[in-house]
Each structure stands twice: as C-alpha cells, then as structure tokens.
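There are two complexes below, and they share subunit A, which is joined by subunit B in the first and by subunit C in the second.
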Partner chain A sequence: MTETSKKTPAGTVRGPSRRQALKTLAVGGTAAATLPLWARYAGAQTGEPIRIGFAKHATGIGASYGRWYDRVSQAAVKKINAEGGVNGRPLELVTEDDGTDPKRCAELMEKFANQSKCDLAFGTLFSHVVIGAAPRAAELKLPYFVVSEGHHVASGMLNRWTLQPGITDVKSQVKAMAPFVHDTLGKKVTMIFPDYAFGYDHRDNFTAAIKALGGDVVAQIAIPPTETSFTKYFPKIPRETEVIYHVMIGPGVLTFVKEMGEFFGPSRPEIFGFIDSLEAVNLSSPGLEFLEGTYFWEGMPRYLQPDAPGYVKAYRDAVGLDANGASVTDANDVSTAAHMFGCWETLHVIKAGMEACNYSGIADRQALIEAVEQMSDMPAGPDHPQGAKRFNGKTHQVFGPQYISKVEGGKLSVVHTASIEDTLYPDEVDYTKMSF
Partner chain B sequence: MIGADRTGDGMKRAWAVVWAVVWAVALAGAGLWPGRALAHASEGGFVLLLPTGLYTAGGGTTVLVTVLLLFWLPARWARGMFRPWRAGAGGSAPGATAPPPGYFRPDDRGADDRGADDRGAWVSWAVLCGLGWAVWAGVRGPQDPVENPLSLLVWTGIWIFLVALSGLLGDPWRLSPFRGPVALLGRRALLRYPERLGEGPGLVAFLAFAAVLLVDVAPADPDRLAGMVLAYGAWVLAGGVLFGPVWITRGAGIGMLLGLYARLSPVWRGGLGLPGWGVLAMGVPGWSGALFCLAALGVGSFDGLNETFRWLGWIGINPLEFSGRSAVVGPNALGLAASCLLLPMVFGAAILVGDRLAGARAPGLAFRTLAPAVLPIAFGYHLAHYATAALVQGQYALHVLSDLFGGPEVVVTTGYLQTRDSVRVIWLAQAAAVVGGHVLALLLSHALALRLHGDHRRAVLSQLPLALFMVLYTLFGLWLLASPRGS
Partner chain C sequence: MDFGPYLMLAMLEGAVLAAVLALMASGLSLVFGVMRVVNVAHGEFYMLGAVVAWAVTTLLGAGPVLNFVAALIVAPLVVGAMAAAADMVILKRLNYDPERTIVATIGLLYILQQLTLMTYGADARPVVAPFNERIALPWVEWGDKGLSFYFPWGLSTTSYKLFVIAAAVVLIAALKLFMAKTRAGLIMRATQGDREMATAFGVPVERVYALVFGGGAALAALAGVLIVPIQQAHYLMGGDALLLSFIVVIIGGLGSLSGTIVAAILIGLSDGIISVFFTPTLAKMIATLAVALVLVFRPQGLFGGTSR
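And now, the complex of A and B:
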C-alpha cells in the first residue's frame, strides 16, 4: 500500500479505494493487512490520507439518495486525488451507514472522531439526521460538513462546527422561485403540500415571498402524509387559481399527478412544482404525461442542456450520467441529479479550506472551520459545476443559482435561472461569534 | 435405510454441484435481471398505480376456489398428492405410524455424521473458515453495509438467498459451519439433552434473530453484526459441547428454520415429490416445533407490516419523514411479540373450532399436526417480501465478490424499479409467491387433516375455520405487498 504515500509523476496521488480495501481483506494473511487502514498510514509523515467520515444513507428512508450521493462523493474524491489531493495528501472516504437515523448518525460522529480517526465528518440529505448528529459533532469538536439543503444551518439551530457550503437551503430556493412564478405564470397561487414541517417550510416561505411581490396565495391545501388518493382535495382549488404550486413527496406522488390530470383534463392552470417530488423518477413514465408543459425547480439540471459548459459535462462524465441524467450503465436508473451535486461541491470546499489553512492534522480542525468561514465567492467551474456560489461565513450557509425547467417532450429544459441575489435573505445567526 | 444406500456418495456430490451452480446462477441472475433498482420511492409509486385491488381479489378467489376443490376432491386423491414420486433417504412414507426421530433436520442421518460420515465434515469446516473470515472482515473491512462481506453474507447471502433456496432446492445442512465442530467437540457430550425442552432453545434463538432483524437499531452495521454472529456461534458451539450433535437440531435456530423450509422443496432427503411432501413424510412435531412453524409466519408477517403506512400511522410516525429504526425500537419489539403471540392464538382458535366441528376432541394433537401447514405461507411471503431486496442486494454481493476476486466492476442499478412494466412484473411475481404459498398450505393442511381424522367428511369439517383463516391471510399478504411503505 506504499502507493498511497507517493505522488506520481503526473501529479496525482492515490487514495486507498474500496476495491483495494476489499482486496486487502482477500489476502488477509499478511501482517499489514491485519491492521485497519488508518493504522497502516500512521507511520507515514507525509502522504497519509485525510480521512473523511462519510455518514451515508445506505439503509432507511434515504437509501435511494444515499446510493447516488455515494457515487458522486467517490467520483469527487477520485478527481481531487487525481489532481494531487490536498496539500499532496489523498482524500479517503470512511463510509458508514447512518441508517437515515439521527441517533445512529450521532453515534457515527463518535466513531469517526474516536475510533476511525477521521479528520472530519461529511453527511448527507435528511434534515432530521443532521439536526440529530450536529450537537454530538460539536461536543467532539469535529468539523461536520452537511449536504442536507435544510434551513436548520442558517436558522441558527446548529453550531460553529457544522457548515453547509455545498448546497443551498430550502428557504433560499423557495424565495427565488417567487419572482418567476409571479412574473411569468400567474399572481394567484394555490399551494398543495404535505401536512408536516417539510410542507410548512414551503408554505411559509413562498407565501411571504409572493406577497412581497404583490401576488396572493388564494388557497393552502395541506394533505395528510399517509394519503394515497387525492381526488377529494382537488375541488378545494379555487376557480380563480392561476398557478398551482405543489411539493408532494413519497410513494403517492405518481397517483397525485395522475389524479390531478384526470381532474383538470385539457384546461388547467399553470403548474409549478419542486423536483423533490419526482427526483430519480423517469419523467417519461406512463402516467406522467400530464406534466408536459409544467414547471419544476431543479437544484441542478437533470438533463444535459444544449448550452452546458464543459465542466458540467466533465462532472456528469465523472459521475457516470447520460444525457437524461440516468446512469450510463442503465438508462432506467435515474439519478438524484437535483441534489447530489452538493456532495461534489462540498468536498471541493473542504479541499479549498484545508489548503487555505495549510491543514496538517486533527489539531487544525478549528483552523479549517475558520478558513471556510472566511470564504465568500466561488466561481463556477470544475469544482462548482452547479454554478457560482457565495458562502456566508456568519450563517455557515452557501447561496447559489436556482434553475426552473419546463417539461418538454418528457424532458426538463431550463427556462429560467434565478440569480444568487434572488436567493438571499437577511442573516438569522452569526456563528462566528460563538465559541468553539 | 435402503434409500440412504441408493442415494449414497454420488448423490451427495451431485447435490454439492447443484448447490454451487444454483448459487452462481442466482447471484448472476440478480445482476442481469432484464432492464436492470433499492427500495425506491418510485417503485412504491408504481405499485400504487397498479390495479392491485383487482389482483388481490383474483388471488383471494384462487385460494377460495382451492378450498372448494379440496372439499370436493376424493379422499384417495388427496392422500396420494404428497406421496413421493421417488422415496429418499430419511423420514417415513406418508401414513407411517411411527415418526422418525427428530422432527427438525435429519438427525437420524446426523447420527451417521457423528461417526462414519465424517467424510463430508470438511465442507462444514471450510464454511466455518469462510464465516470466520467474514466476521474478521466485519470488524476490519469497509463499514458501509453494502460493501462489507459480513453484512452481505448474513442479510443477503443467508437471510434472503439461502432461506429461499432451502425451500426451493432442499436442506443446505451440509453447508452448516457448525456441524463439523459440533461433531468433533460434542463427541463425548457432557450432558444428556433434556428432551422435554424439545425445540425450545432453537425457537428462542430464532426469535432472538428476529429481534435483531426487526428491532435492533443497526442490524447491518458490520462490526456490531460481527459481535452478533460470534454470539450466535458461541450459543451453537457451547450447546454442542454440552449436549453433543443433537443440539444442532434443537438449539441452532437459523439452521432449524432452513430445515423446516427445506421440507417444502420437491427434493427432500434425496427423494422427490410434490413441494411440501417432506412435511407429510415426517411425524407430528412437539409443541415447541409447532410453535416454531407459527413463529416463522409471525415474524414474516410483522416484517411486512412494520413498513406499511398503516402501521406507522398506528404508532404515530409520519412515514414521509420516518426518523429511523431508533425511533421504533419499542413499538417494533411490542409488534413482534404481539405478532408471535397473536398468531398462535388465532390459529389455535381456528383449530379448536375445527376440532369441535369434526367431533374429534383432540385439539392439542390437531394444533401440532396442522401447524407445519403454515410453512408454505411463511415461505411464500419470504420470497415475495424480499424479492426487490434480493434484486438490489444481490448486485451489491456480486459487486463485492467481483472486487475480491479481481472481476469486472459491477455497477449497482435500481432502474428496474423505475419503470411501470418491470414493477408490474415484479409485483405479480411476488403475488404469485404469496398465492402459491397459500394454495400449497391448503393442500398440506387438507392432507394432514385426512391423516389426523382418517375420514374425508370429518377432515373437511375440521378444515373449515382454518381454510377461512388462510383465505383471509392471503388477502392480508397481498394487502401488505400493495401497501405504501415508509420505512
């Protein structure tokens, strides 16, 4: 395994891949192999990997996201290591399953910090998991980089050790949709959302944003989370409605779309939704024809756009996406494209932060947090394929462009890009004033 | 034991080859499924769009018609159904009065193994070495459960695939990692096994396994799992040292479950017959054996129920933001316990009423005789419930195997859960397993009732409540498959 401590002539460093780890298991007779990977690098002064504890939704409700987040993270680490790693050291993902479970994820923080000697923790999507694990990360003084898009970071609910530098939060996303909906689709909006916190975030933030522009939410229809038939709710949509804003999620979504299509027939209001509803669902699936001509928010375009820059293509190639946002190995295996880019960008922010503070080991954990807090504008490019970003060190939250796409021929075409300025809102916290 | 001579070494070798081929084909098949998908939101969405109400009605009707046909079927035919086409090595022919020793597993054969048949013990030792390596990999290997050999071996290799293959192809007891060591260590047992315990220790072990499956916070976490596997191994080996090889058929709960399902295979102990003939070929289980059969069904049923929106609604959990297994430890423990208590009670009530209708006045014997008839229901549901997991996890297993042996990169896909047509095919295959299991259960219970009562009219009368139970259970099983799931 000496290759991990060498820099190749091409300037690349190689981290221990999972494949190597498994092969090591296969030849378990040798003395070196009986040691855990970290122990084998412990003697090396330079070139030892920087260990990133990756809390993955491998099982539980988030598993379909976890698989793609893992794929993107592996691709990002591969790219970073191929470009020389971080200060000449390779990155290594130490992946554990958080079970999409807050308690379990909090236990992982402990494991990352004390058992597997990780430099930091990196965690994914579901908000309740991040909210459950962040306090433990702070107690352990372990930097916790999250990719959850929840507003909990910027709201001030968490702590100095938790940052969200690679994906924008729901509040900014929703706020940025209001100008397009108001100016292009209509001023009288009916909102249909699931009857719990996720739906309320949309309800409250969008209602405030559209009213500020002079529009109006004429009805708010909350649907119980266990509902699987929606026909009784559609008659509640007021006749004056010009736009329907929907954010339904869960297995009932396809039925929701089908029944909405049957309710309206050919004459319908404009319809705008969040792709969260249909993330990883093929839009050309039977039953989704009704969505033709409707609009969706996308964190990053699923379909390769005609004007996509080279670095977007490079990102998609590295992850293994075809032009439709599905796996290159299976056209039906549609990715979670609207969110997963956040893993790629977060890992690149970690790299930049470590280089800025000349990170050398766990003693520099605090310096890493401070270095990231100093970051501000990040240009679009290979490290930030979703677009340019602006990090707010006080709120530990990044801001970036948002995409609105129209379903045309069963595919999503970007019709509007909301600027960073459209997504900004006043700071709700200043973490930099908190002690470590 | 004429059959044993006839099957002989050649047969054993042939089976070893068949097992190896089946494993390879099953694993390859999982990776090469047409269209080539994980428990996925869109899969549940497509299921909700299918006319599952109609399918369920069709399934229920099929089972109901089976009931009516059976009642009408001449007793001679019913008795002949499960007569083996070719007799095997163990057990006795249907109608035999004296049951062979040991309801679970061929410990009549196991007795041979202790002595003369040590020739096959190397297989067991080899499997033990493999298991030991997997436990080591559980502690030292990648901690992502879809990358770790131990997690994949236990939850995919054994719980999904080996259980399924046992019921389809026969008892894999030769592959037991404990048979060789127990035969060696237990050559001079320290104690005589107290037979009044029956299969009780095995039942306890199986229920402990079920608790890990359904209640534990992180059953797939590799290093935790390594501890659990070691604990189970210690249980089996300690019992083996104390009581000798008989412990394998009394205390090794997981192997005993495989042995039970193996009786549903057309091939059983070297013989061949209608699936389930192995149940008829054996005698009447004791109380603990009968309860083991019902526990298999109880665990399987709760395994399905605990994921449904309905259950999550009952315990006050929002299925769209299911907060993980740590939030449901209490409810799941209670649900599992209730399921394993309620089911024998409902089953017992059906038996009691049937016994009265038939005027037999021996409900205890009827309970024990008919309990194995629920095995096909439990097995059919296992196949159905784990079908999608098998397709996904099987790919992860292949991925790791390929990595270990330097094969090509296997990219895991869940694409086939994302098209309506493939989801329909999978759902109908699952429904067929559920309905097929119930049909077989009805045939078995009818044949067992005929043996119990000796008279067609009384057998039919005794079966009325149980038949109703099975028709309702069919609807329940199909409802589970059709329900939206949130955990």
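And now, the complex of A and C:
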C-alpha cells in the first residue's frame, strides 16, 4: 500500500542516429551469428534506457532522506541525460519504496533484477537496510550502489557486488573529526548515538580515535532510533564531560536536540554533533537557540558558503536548493544536504564506470563492477560537487573531504575542512580477491 | 547526577508519560466498558489528534497560544466526529460483534495510517508549544549548616511539561464527574450495565454507542494534542502509544476508569524510572511481563469486576 512506483521519463535525449543504429545492429548481427546467447542483449542495446532500480526510503523513519535522495537523483539523471546519457543511452530511474525496512529492500532487489529488468540497484541509505539487502543483491548478481555512509562496505561485511563510490563512510568521517574535537573542544567526551549498526560505527571508531589522541570517552549513551522522548537519557552524562558528541537519526531528532538544550540550560558543555541529528530540520526551529556556537560535522555544507565554486552553485540550482539549504519552493522543506550529494556523485560514477567498460546490457554487470574497482582519483567539479574523491577499489569505498561548521547567527558556517588524507585508514578487506 | 535529583527527574518524565497515557487509555477503556469493542485503531486517533493539531496551527498562524487553544478544541471534535462516523458506517453494521470489530478496527488502523501518509506525508512535523520555559529545580541537602537548597546540574523540567500533567489531571477529573453526575453519564453507565434493559427503558443505544466511540477517540486526540509540542506529529506515532494503552487497560481492568488511571500512573512512572536507571527496553519488557502476570493471575485486571 505504501509503494510508490514511478518511472522517470528519459528526458530530452536524442536517440542515436540511424547510422549508429545500423552499425550497432550490424555488430549485433555478427555477435548473434557467433554467440547466439548474446542476441537478446545486443538487440536491446541501441536506444534502450539504462534502468536504475532506486530503493527509496519513501516511508518509515528514513522518509525525509528519501524525499531528498529522490530529488537529487532525478536532477542528476536529468543532467546526465542532457549531456548525452551513457554511450548515447539515457538513464531511467525505477523508483520503489523500501519503507526504510531491510526485508522490504531485499525484496526490492529481487523485483529490480527479475521483474523490472533493472541494470543495477542504487540509493539505499540506512545501514540496517543496506546490510539486509546487500546479500540478496549478491545472490542475484545485481550491482548495488549504496549511498549509506556506514562502515559496512569498507569493513568487509558485504560482498563484491556492493559498492559505495559516492559518499565517505563513518569511520573516515570520525577519524577526520577526532583531532578537531580533541584539540579545540575538549578531551573528555560523552557520546550519544543511535542504538544500531550506524551508531556502533560512531561509537567504536570515535572511541578508538580519541583514545589514540590521548583523550577519553567518559560515557557512551545508546538510544533506540525509534525513541520519542529523550530527557531520561541525559542524566547518564557524567558531570566531568567537556564535550558532548551527538549523532541521532529518525523522526524524533528535533525533540532530541531540543530536550538536550532544556536539560543543560545555561551551563552546557561544548557540543559537537553530526548534522544527522538535524538533517531535514530547520535550524531556526524554536528551542534550538542554544546551539549557537556549537559545531557540526557536515558531509557537504547545507548553507551556501560565500566561497562556493560555480559547480557547487550549479548543483544546488539543479537540485532546487536555496541559500539556506531548503527547497526553493518551500523554505520549511529543509534538505538532507550533508548526505544527498552522494546520490549525484554515485550516478556520475555509474556513468563513468559504464562508459569505461562499454556497458551494453545486463551481461556486463560484472564488467561494470570491475570497471568501477579500477577507479581512483576523481577531481572536484560538476560530477563531484562535494569535493575531490579517492576511490579504493579493494574496499569499494570512496574517500573525500569533510566539513566542520559552526552555528553562527542561526546558520552553519564552515570553519574547518578535513582533507582526504585525514580520512584514510588501512584497508580491512580486498573485495577484488572475492569471486563474483 | 546524584541519586536523589536523578530519581526526581525520572519521576517527572514518568509523570508526563503517565498523564498522556491515562487520557488515552481512559478513552480505550470507555469504549470497551460501554460497547465491549476492543478498538485497535485507538492509537491512530491519538496520531490524528497530533496531526490535526499541526494542521490547525499551520493554517491558523495566529501565534503559539491562540494556535494551541484552537488545536485543543478543533482536534478532538474533528477526530471524534470521524470516529463516530466510523462507528455508524462500520461497527454498527457488524452488530458490535466482538471478534469482527477487532478485525474491523485493525482495518481502520491501516486506513487511517495510510491516508495520513498519503496526505500529511512521512515527515515528523513540530508544533510550537504555547509556552515552554525551562524551570531549574532545586534539591535539598543536609550540609554542615543543616538543610540547604541547591540547583543540581540538569535537574529541570519545562513549564509545558508541568502543564501537560495538570491538564490531564483536570480532564480526567472532569471525565469522572461527567460519568458519575450527568444524565449522559448515567445513560452510558446504564448501557454499559445492560444493553437490552437500557433499550427497553428507551435509551437510544446506537446513538450512545456512536457518541461513546467518538468520545473515546476524542480523548485519544486530546492526548495527541497535548504531546505534540513535546514530540512531533508523525504518522507512525500511534503504534507505541496503542501498545502502552493496552498494557494500561489490561492491568487496570478493561472498562474500569479508576483502574485505568492507577495503571497509567504505575506504568508511566515505572517506565520513566526504569528507563533512566536501566534501559528503555527493560522498561517495556517489565510492562509486558506485568500484563502477562495480570492475565494469568487476575484476568479481570487489578480493578476490573467480574464480567457479566
């Protein structure tokens, strides 16, 4: 009942010319004569759109992310198609609601592979959903491009068919943030995080990183992601705490931050948060005034920064973002800017990978994985507006810059940019040695 | 945090939950007591109350206090009218058969939830509280100079949370008075006592049923309006609330208003305290265990009489 099934029109792409078509047909004909099994793919190759199965968190606790992941993906597909598509073929999003539910998303993998004949699956954010769906994608031999930021890809937990080339993972984000927290804010940290895989990535990696710097995590407070009332957790914060490190997700995030402000009153410690705690939430909501002067990690700045390059502005215009990071049509519809750029970049990586392996159809799915595994440095620009990236083919994970912003006058201003080098850590897996 | 202030904070948080729960569960209990209908869609009426409150405050745009007062009036009326309509269109047709009404209200639950999803959307949206000052609470301590006051770090509540507790107390007292002292309350109790005899005495039972079902839903909606400035309106918020309400009415005794209130305070406070000192999951486990024990050893509930 909650399913939204939608197909993106091919856009304004012109199909390939007749000569091209004839040429392709001729190639197809030869191939068909030599290798009869190829025939069905070759026939479909010419103007057929490349179908991307988009598992969207349209409902459930990830719905606000899903809405923006959808908008960014639509905008990216429009741009790619306007620039000629992939080898002359347009991209087409086949959008399905996964309900932010692992079981439903695993079913979607099946639907994408067998029913809607998608070339690949794309788009999942919430880590429990990715972890639930990735094994099914591998069984179906369906390339699965996730935009999740969880460490589950690079940790080796998943498989050769699952890649994360558009957004950095929590481990590298946390590693890049720890020196700033330790040097600028304080050495005794209390962590507050959601009680599931994504939260544990934060807990384990940040605790290790801050200890390595000589600081200490004095308390770790896990909160279920479906929680609606938070004051009862805050007394667990030890009095000696110098810095609160918070990251929260789900429909209750605004309540979480508001109640944190009410708990501390005028005597708050330093506060460092991951913007996840306030993604899709207006920073000028009543009750958030106490955040003035606190710091946030941002994957990509929500507010348009004064020194933003032209390609960032172009990206924001294409997505429909105003200077405050809200929708141009509704100032209260605040984006998930720190994560959604990953969809844009992932779709561009898919395009580059398909062009590198001369992708012609679902028989080339394995070649697509191998082509993306070969990628490394990607320069900042219209395809990668968040910044330059370095992809690690062995761990299937991309690395990129991270931003620390301070709340000043109710807006987020970038005060520190961590470089790619700050985010690197030793490989924990080599997916390229695994079989398909 | 020291044990004393910690406990006080836990009890304050628990009291807010207990207040909302008592309101909501008395609606559920009323419907069951009078109509013998187990209303599985009750949580959705609570959710609708919150959503309507959001809609009213957004459309009116008249400043936090006026907006909130309007929501407090409009939401229960709208939700109550919807429920009364559902009673006449669905439950009446099933002759209030206990098993079939359960299935029907499950269907109603999904219809209301999905309609909300399709119209209001999947986001959690905030409603501004009419007033929300942080109140730091003092704590007493035996020091060298005898009894002294101090303000422990983090021991605080907000004026709005205190208002929720007070509002629930007033509303429930009003409900009890209504049931005990008014003619309408008498008719409801008569219908509860013996439907056929009430009909014989000229009580329009079907109209009473529609009013009771609407009234029960309106109580849930009121609870939704009261909670929405603390939490946010979200289409899935009815689930947990329904579970807790059932726990409360089963422990208190289905159909017993006093039992419901005592059980709500018990569950609310224990949830607050256990969540703070241990984990919220343990609090839910203990509440569910309590239900199981009550069902085994005292199936009619702590305050429930023997059923006819």
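Here, the second predicted complex is superposed on the first by the 339 of 436 C-alpha atoms of A that agree within 3 Å, B and C clash if a C-alpha of one lies under 4 Å from a C-alpha of the other, contacts with A are read in each partner's own complex, and residues count from 1 in each chain.
Going forward, contacts are C-beta pairs under 8 Å (C-beta built on N, C-alpha and C of every residue); 3 or more make two chains touch, one makes a residue touch a chain.
Since this is a predicted model, take the numbers as computed values, not measurements.
Using the contact criterion defined above for the overlaid structures, shared-chain residue A:Ser267 touches subunit C, although it does not reach subunit B.
Legend: residue contacts after superposition of the two complexes on their common chain; A:Glu345 is shown touching neither subunit B nor subunit C.
In the superposition on chain A, A:Ser327 contacts subunit B only, with no contact to subunit C. The larger set of touched subunit A residues comes from B, when the choice is between subunit B and subunit C.
In the superposed pair of complexes, A:Glu298 makes contact with neither subunit B nor subunit C.
Touch criterion met: A:Pro194 reaches subunit B, while subunit C stays clear of it. Of the two partner chains, subunit B and subunit C are each touched by A:Ala63.
By the touch criterion stated above, A:Ile237 is placed in contact with subunit C alone, subunit B being left untouched. In the superposition on chain A, contact is made by A:Ser285 with both subunit B and subunit C. Overlap of the subunit B and subunit C contact sets on subunit A: residues 58-61, 63-64, 67, 226, 228, 251-255, 280, 285-287.
For subunit A in complex with subunit B, the residues that touch the partner chain are 18-19, 21-23, 25-26, 28, 34, 36, 56, 58-61, 63-64, 67, 70, 94-97, 99-104, 116, 126, 128-129, 194, 196-198, 225-226, 228, 249-255, 258, 280-282, 285-287, 320, 326-327, 329-334. Taken in their complex, subunit C has these residues touching subunit A: 1, 6, 9-10, 13, 16-17, 110, 114, 117, 121-124, 126, 128-129, 132, 134, 136, 153-154, 156, 158, 230-232, 234, 236-237, 240, 272, 275-276, 280-281. Residues 35-42, 44-49, 133, 136-137, 140-147, 149, 217-218, 220-221, 309-310, 312-313, 318-327, 400, 403-406, 411-416, 418-420, 422, 484-487 of subunit B are the ones touching subunit A in the complex. Partner subunit C is touched in their complex by these residues of subunit A: 1-2, 58-61, 63-64, 66-67, 224, 226-229, 231-235, 237, 239, 251-255, 262-265, 267, 280, 285-287.
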